[in-house]
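Letters A, B, C, D and E mark the chains as written, and numbering starts fresh at 1 in each.
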């Protein structure tokens, strides 16, 4: 999975994905300290993530291994909100 | 999914993809403000996107999870036209 | 799919892919004007592409969605020879 | 597979992955000498890897080809702890 | 497939891949002249490749389309040893 920081939301009315209440978030890839890279992914939110939260994103076919995304043309889902990251037993990020 | 801006169309007569009326668009990857990267993808259009519109592209196997692309050698489809992107509750792109 | 320009051929006798008459081409990724990036892919040719032609390459699992590549360890196939690319209704590449 | 060095752990309570005792490690991609790239992956640990160890990470669908990750939205797993790397018959890394 | 040059071997005793006699090679991605990029992949060897040989690597799910790698968490296999590469009908690499 990759690390990303939620930056905002995407609104799309003409789309080919019929998931009720699908919420697409704008996520910027980041390092372990939450520093972003201006490298954006649009990910389906499955966990109720909010702006500025660090999340884990699962990509490609793995993104479809959930009851909601099964057989849908979705290639990126937020699978977890990150509470804490430690590097060498030192906390480098805390929600 | 990735963000891209539609730049034009691709015409290919000798091809190994038999999808009636398949329309391949030239899409340039972009950031959340629509600024392009000169990093091009050829994507099948499923939503009737036009030049200069921002779109969401689903890639790899996820691109085949539609009735039209099922079992076809297609690895990138436009799954949505973007109407609006907000970052930290401020609109950064509007169609 | 990605854009690439055919540069040459690859000969491999000791290989683990048994496709009769398989022809592996050396393809350099390029932009919409055909300018190459020195970023090479070895792709199976399904359409009879020749040197200097621009082609569409389908990658990953999508590369196996053809009768010839089904169940083969192939992750890149040339699925179309490009005749014309237009950007904003202006022709930027013509075969 | 890619090479990475284990840097720490990720704690996520609100997540959409139900694997008992799943342990997500923060891994920094590295070269054959163990020099890191500040390019992080969050990988499920299947082998009991610890900080500073070099590991092999399998990605994408291949990450689900284990009894634990089958049908889970996991796209990166640590499949081996590396004991030794040699380049041209000279040891460049030893655990 | 991508081009790579074999640089050495990887030894891993604690691993989650049970393939008898599996031999993991350290491969550095390269261009059509065999010039390497210091961008390493660990690939399962299926063809008996040796140091300094140029090889074709198949990645992702395609890497599992062989009797040996089927249902294994392997995402990169060496599928061919390259004998010759020509660019515009001129030989740029010969084994």
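Note that contacts are C-beta pairs under 8 Å (C-beta built on N, C-alpha and C of every residue); 3 or more make two chains touch, one makes a residue touch a chain.
For clarity, every value in this text was computed on a predicted model and none was experimentally measured.
Participant: According to the touch definition, list the chains common to the neighbour sets of subunit D and subunit E.
Facilitator: none
Participant: Along the shortest chain of touching chains, how many steps lie between subunit C and subunit D?
Facilitator: So the least number of steps between the two chains is 2.
Participant: Between subunit B and subunit C, tell me the centre distance in angstrom, where each centre is the average of that chain's C-alpha atoms.
Facilitator: For subunit B versus subunit C, the centre distance works out to 20 Å.
Participant: If you average the CA atoms of subunit A and of subunit C, how far apart do the two points sit, in angstrom?
Facilitator: Distance between chain centres, rounded to whole Å: 32 Å.
Participant: Please set out, as single numbers or ranges, the residues of subunit C touching at least two other chains.
Facilitator: Touching at least two other chains: 60-61, 63-64.
Participant: Could you list the chains in ring order, beginning with subunit A and heading to subunit D next?
Facilitator: Here the ring, read from subunit A toward subunit D, comes out as A, D, E, C, B.
Participant: Please name which positions on subunit A make contact with subunit B in the complex.
Facilitator: Those residues of subunit A that touch subunit B are 7-17, 24, 26, 38, 40-43, 51-52, 60-61, 63-64, 71-76.
Participant: Give every residue of subunit E touching subunit C within the complex, in rising order.
Facilitator: 1-3, 31-32, 46-48, 56, 58-66, 69, 77-89, 92
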